[in-house]
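Same chain, two partners: chain A is paired with chain B first, then with chain C.
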Partner chain A sequence: MVDQLVSRLSAPRLWGWVVVVVVASAAVGFPLFDLGREVIGAGSSAALEVLGGDGAWSPIVNTIWTSSLVTVLTLSGATAVAVATGGFSARRRLLVLVAMASPLLVPPFVSALSWVAAYGPGGLIDDGIGISLPWLIGPVGVVILLVVNAMPIAYLIVNAAIRSRGERDLVRAARVCGATSLRAFWTITMPLLRPALLASGAITFIMSANAFGVPVVLGTPARFPTATTRLYQDLVLSADPAAFDRVLVLAAFLGIMTLVVVGVADMSNRDPIRLRTEPSGPRLDSSDAGRGAAMAVAVYFGVTAAVPIVALVMTSFTRGVGLAPFPPNWTFDNFREAFASGAGSAFATSLTLAVVAASVVLLLGGLLVALERRRRTGVGTVAALAFAVPGSVVAVAVLLAYGPWLRDTVLIILVAYVAKFWALGHRPIAGSADAISPELSGAARVSGAGALTAVRTITVPLLRPALAAAWLIVFMFALHEITISSLLYGPGSATLAVTVLNLRQLGDPTVTAALAVLLTAGVGATAIPIVALSRRSGVFR
Partner chain B sequence: MRSKLVVAAVLWVVVAAACSGDDGDTLRIYTSVTQGTVDSVVEGFGLLNPDATIEVFRAPTGELAGRIAAERRAGGLGADVLWLTDPLSMQQYSGDGLLRAWQPASAASLPEEFRTETFWGTRILTMVVVVGDGITPPATWLDLTDPRFEGRIAFPDPGFAGSSFAVLGYFAATDGYGLDFYQALSDNGAVQLNAPGEVVTGVAEGRFEAGITLRFSAQNAVDNGSPLSIVWPEDGAISLYSPIAVSATSNDVGAAEGFVEYVLSRDAQERIAATGWQPISQEVPWEVEGLQVTVDWVDLFDHQAELLGAYREVFGG
Partner chain C sequence: MNAAPALRCRGLTVRFGDVVVLDALDLEVARAETVALLGPSGSGKTSLLYAVAGLLEPDGGEIEIDGKPTRSGNRAIAPEHRSIGMVFQNYALWPHMNAVQTVGYPMRRRGISEDDAAAIAHRLLAKLGIGDLADRLPDQLSGGQQQRVGLARAIAAEPALFLFDEPTAHLDAALRITLQQELMAQRNRVGASALYTTHDAAEALAVGDRVGVLRNGKITQIGRPAEIYSQPLDLWTARLTGAASLLRARAVKVESDRVVVDVLGTSLTVPPIDCVVGEAVDLLIRPDWAELGGPMEGVVERVRYEGPHTDYLVVTAAGSLLLRRSGGPRLAVGESTGFGVLRAWGLPVER
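Then we have the complex of A and B:
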């Protein structure tokens, strides 16, 4: 049996599978297996307490409806922008990309705080022109902020997919044959985008279901609990083994729920439509509709990125909470404090972890996509499990699995990051690769190219936007990550977020804002050369 | 060629990371106490014990509890000393046999309510009222249920913050308040936030007129010039203590006990006071601005789940 299987696989494919299976088992399988054993050990009484108790379902129901709504809104928005700006010139498209991706700069754990500082009562806009948004606190605010947090990723995936295929020629052909633009969209663009929409939909749903920072800041005051806020409350009480069991059961429930959603999405993507050619015709130049889209993107950028970032910067320079952000109240103390105890080496740790995690995830995700070209195996679906489990529980699982050997090392944080962010790297690549016809590399092979040459010269160039998007997303998430590292760090492996937030408990917005500004500046300093270089090599062209 | 270099670099980082583990023979402290306080006390201990190597793992209560729970189930508790923010978790660990039973010499002078067989109070946390500038302060806790504060009061969720749970425990057990007090707060539109620090922020930014929070957090904001002030209710600010203990499985009992003795000593107590926390030792001068009342933790511990359940009936979830 094994002999047959091995003989059917070529040597590179075999080694590819060995790498993927070994790393997937090590990073995702083993820790989740340990977690599952603990959940089963917790027994039915804990399960009953979590799922059968009084009011036990309201956090779960809240999580399900907000995540579903967020997914629909995010996908609609991302698709609308990607399609409407698809005909822009290269320079304007890069501007759109930067505008849409820049909310990624604000770490998720401060995005809700920065919105409250910007738009809440007593916030920046309230101080300036007397307008505040009281409904920001509550389910509406939770949904909006989750959409804002997921939008950059959904947009990057959908945009990369649009760029990776030749839908433009087909749309033009349909229009020439008399189809309305709406009809061309429904019958051509949508089916072609299906893999990308499923990929970004899965990520959006999972991200929203396991978000903690947004519901805790905007939901708790409105008495709007979600599965993750309830889970954290049990984590606080987890000196009591029964409470810890409840944490594990609830995490397992979140994981299974995600597995079902993502599994259905993956199943319905069995036969993606693949195009034979790259786009060849000229771009449709931007028209009035394009100008409207550009305006909409500019407004979106102002509301979701510019104003919150300005609010953050002003808070970070303010002496004390609640003081007006004017020169008499300005200080550098928050930055001095953030830099005080070894923030330099912590930033190096964060940067290293982010670069290595993004690169490992990119290689693994790319490898898995290549291996699953012919037949899906479900490995991708399972890899999404770790992304679905809240960070604190991923950290607990990795500690259960590797604590005795790797406790306190950077490596244990890296393992947790690879487990957690695998889906983030894998899905964007899969979403784009599904629509690339295998006949292209087949043609290269027939013409005498080796397998690796075909990948290097055909597949990778076609996938470049998706690969760049995947790397960037994982890099940003790993750089901002706070929960996993605050649970797993040891001497010498503290990340920047841990170091700065340990100085003051979360809740002191001035130092937290200084941290966010430092991270943003750090990312800017790293990202600008990368974007400049990759622009020259055509990644974002 | 370039890709080989990248792979080599990645491998190097991974190997370097793997080799940076701890080398044993160090005193390991797990704590949720504020970083500045821990740093100062560890520094003082180092001055007296120049040969000691100390590693501190500091994390918020939830992450710390999660780490300890995971370690208990795989490989065993990695700490020699636990220094926590409220006695609730410590009581559970003590009951589960995780803590070493002994008596520090320096604990003898502590008031009885801060001493057990396995853990001792190190500093006192106090929950007070904060009001924004220009707001007439409430005289008592019950004044917070006055209609003039309708929708303008915030307090930390007792499910997140141990200090807020102490407040819940105190009111639940005290005649004249009970859970009715929380019902009245709820009817008055009081808002539960996550952490004591968020309450300070909300009041300072004018989103709320008054709040229940830690004196320490409020004092920090006042010192930085934030527009708010601290009010000690006439019926007493509610205090709790931050306990310390030695792990039953510590590899270096001598050093661990030495550290606990040091934290309870006058030198460390002065350092704790200098970082803004009320010291447990009455030998160190500290001005208490009003009446302090406290909770019966032994009784509270037995009713933890029940009390939080009753609270959630009132405050949603």
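Then we have the complex of A and C:
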């Protein structure tokens, strides 16, 4: 089998595969294998002992119920918005899309910080009109912020599903057949949305269960632990050797639950309804349809994104804790102080990590696309699964595998980043490569181009936007990554996000706000070319 | 017996922003009548059907279906209460329902039990010759089979009025004709009225008891198919309904029941039109209204053999004439020929 494979590969392709396999097993395979061995080695009795104590059990229960609740709330909200705005004109639909999706640009822990700055005690609204939400710190706040963070992706998936089929005429056909609008929704719209709801449900659940930024900002101060925050405390803050057993149990729990959710969603979606690309019936816009829905989206955007971010920015300019975040109290000192407190080197660390991780992933992705003549040989699936593995689990696995040599270095964070973000880079490149019809380079060959010339003059120029988008996406995610780096950093290798977190725990909200604003600005600045590029390459269309 | 027409539209207006799609349109469909609406894309065909179905709120005008207004007070009657059956251009079959479930759907909405609906659906599908495809999903059916399911679904609604929205537009030529005949046979069997839109002239002329020409949101001409074909309102309508040539002539004698014209030195009598003796008149001549051999002279410029017949383009001093003759080519390009005009329809000269 291997002989056959090798004999059919030319030498460069063989070496290409060797590189891919080596990197994949070093970054993903070996660490996860090591983690599995360690968990099994610890034995079921040790695991039961850990679960018997409250230390692991209550975070696991908290993780399950918050994620379930977040999934239900997010799916209901996303479906309601997507259906209610489905009949909007193209321009208004774009506005809805921007309002629903732009919160993606705010890192989850920054968005939690911004809510505290806006609605928490001593926040903007408290200072302005004397209203604050004391329960924001605690389980309610955790659930709300997780919903806010999951909403963009869930909305994008459901909305794309609604738009991609001839649903307008399908619902109309049901109405003509005597179905009321409610009946048409339940018998036509919902069954057709099932695959999208399953997919976004699974993603929402996994994202929420594996979330770290939100619970660490809003849950930990209220002594509301989740699996990820307890794992962080045990691994980073605790000196108790028994705590490490708990780390293993929590990592195993997160990993297994992720696999189960992905598996269940995949199995119940075995027989997906095939989409058709026929004309989908005319759009019949009525200018005042759905005015209520438009208002609701605007209010949602204002309350969940605009006001908190404004509050965070105002806080970042405020002189001293306890002062109202209004112009008379404004200063630039926070930004200066942030850099004085080590943010400068953290910024350099994050930037280096992001650039190197993005470049490695880009090389891997480009190599894979060049090697996979026929797409979908399974490497893409492996990469996607690696992305589903929780950041906490990746970090623990990499720590187990390489800790003895690389503990506390930037390099160990880099290995974990490559493992985690590989799929992010692979998908746009593979998607774009799939979209390039083979006739294009065939036509070049027929026109007299050699094989290499055809790749250079046709394939690469067509792939260029996707390659750039892939690099920028990994760069953006690595820039604000917190889950992995908070578990793996050491003296001198703290990332920007970790520095924000530590400043927060030291209790300096204004300097924290300044640093969080800088971080978000960096992420936002990266996102602009990504959007422009992906529109051109059609990756996300 | 109720004498109200199956459909009556008065002053029907639909606007999308600044674009007027239907412009105060008037239309009646009598009981058991099929009206075929012929128009190019963008002429408002689909908007008209959607407005009748209640899927689109018109900006003005009235619609009555089976004598019943489609508004009560301020509220439009919902599509599900309009007693219509619709066949969609893109089939609009639900991807998650098999043929029986699809056809049973309108019956289930009327409260018929699931078993009864399935039994009736099976019978309907069998009548349409696709009884053996009853448990197939749409993506397991060909285009023609899908549209048969769509038709069965419309019939199952037992409507007072069928709406056919270019039902054969996505089918290939041979299948189109079969399905057209199927649609009309079923409509005749059920005896309901129908409004049928198409951009294909042959289809409109074949299916309609009357044919209406839709242009810029208005019905510019409506009448029996032969009338539309042989007495078109203007050159645009003539070209829409088939091949047509124009020869320039001069009015010699204008009477109340006929007009005598002179074309290429030959006298012809045509139906009366509005013109003045001595002035120019355009003669509309369909390809089958002229024959080879005759008093007029021309030169063959193009010959096109199409199997059952051959088309000749003959250039004359009064204009070019397309002439159709059964059988293979008898003249070569460049040859002079005599020809005769059997009949013609006069049109005022357009400037």
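Rule of thumb we're sticking to: the second predicted complex is superposed on the first by the 288 of 541 C-alpha atoms of A that agree within 3 Å, B and C clash if a C-alpha of one lies under 4 Å from a C-alpha of the other, contacts with A are read in each partner's own complex, and residues count from 1 in each chain.
We adopt the following convention: a residue touches a chain if its C-beta (ideal position, glycine included) is under 8 Å from a C-beta of that chain, and two chains touch if they have at least 3 such contacts.
Since the model is a prediction, treat every value here as computed from it, not as a measurement.
Which of the two partners, first being chain B and second being chain C, lies in contact with A:R183: first, second, both, or neither?
Only chain C; A:R183 stays clear of chain B.
On the A-aligned overlay, A:P59 touches which partner chain: chain B = first, chain C = second, or both, or neither?
After superposing on A, A:P59 lies in contact with chain B but is clear of chain C.
State whether chain B or chain C is in contact with more residues of chain A in the superposed arrangement.
Higher number of touched chain A residues: B.
Using the touch definition from the top, say if A:A173 reaches chain B (first), chain C (second), both or neither.
In the superposition, A:A173 contacts chain C only.
On the A-aligned overlay, A:A294 touches which partner chain: chain B = first, chain C = second, or both, or neither?
Neither partner.
Looking at A:G490, would you say it contacts chain B, chain C, both, or neither? Reply first, second, both or neither.
first
Taking the superposition on A as described, I'd like to know which of chain B and chain C A:L192 touches: first, second, both or neither.
second
May I ask you to decide whether A:V262 touches chain B, chain C, both, or neither, giving the answer as first, second, both or neither?
Neither: A:V262 stays clear of chain B and chain C.
Okay, in this complex, where on chain C does chain A touch?
Checking each residue of chain C against chain A gives 16-17, 46-47, 50, 53-57, 78-82, 84-86, 88-96, 105-106, 109-110, 138-139, 153, 156-157, 163, 170.
What residues of chain A sit close enough to touch chain C in their complex?
For this pair, the touching residues of chain A are 165-166, 169-170, 172-181, 183, 187-188, 191-192, 273-276, 278-282, 284-287.
Using the touch definition from the top, list the residues of chain A that touch chain B in their complex.
Listed in rising order, the residues of chain A that touch chain B are 34, 38, 54-55, 58-59, 117, 120-123, 216-217, 220-221, 223-225, 230, 232-233, 235-241, 244, 247, 319-323, 329, 341, 352, 356, 359-360, 392-393, 395-396, 399-401, 403-404, 406-411, 414, 483, 486-493, 502-510.
Flag every residue of chain B that touches chain A in the complex, lowest number first.
6, 10, 13-14, 17-18, 20-22, 34-36, 39, 55, 57-63, 65-71, 73-75, 78, 88-90, 92-93, 96, 132, 154, 157, 159-160, 162, 191-198, 200-201, 203-207, 217, 220-221, 223-228, 304, 309, 312, 315-317
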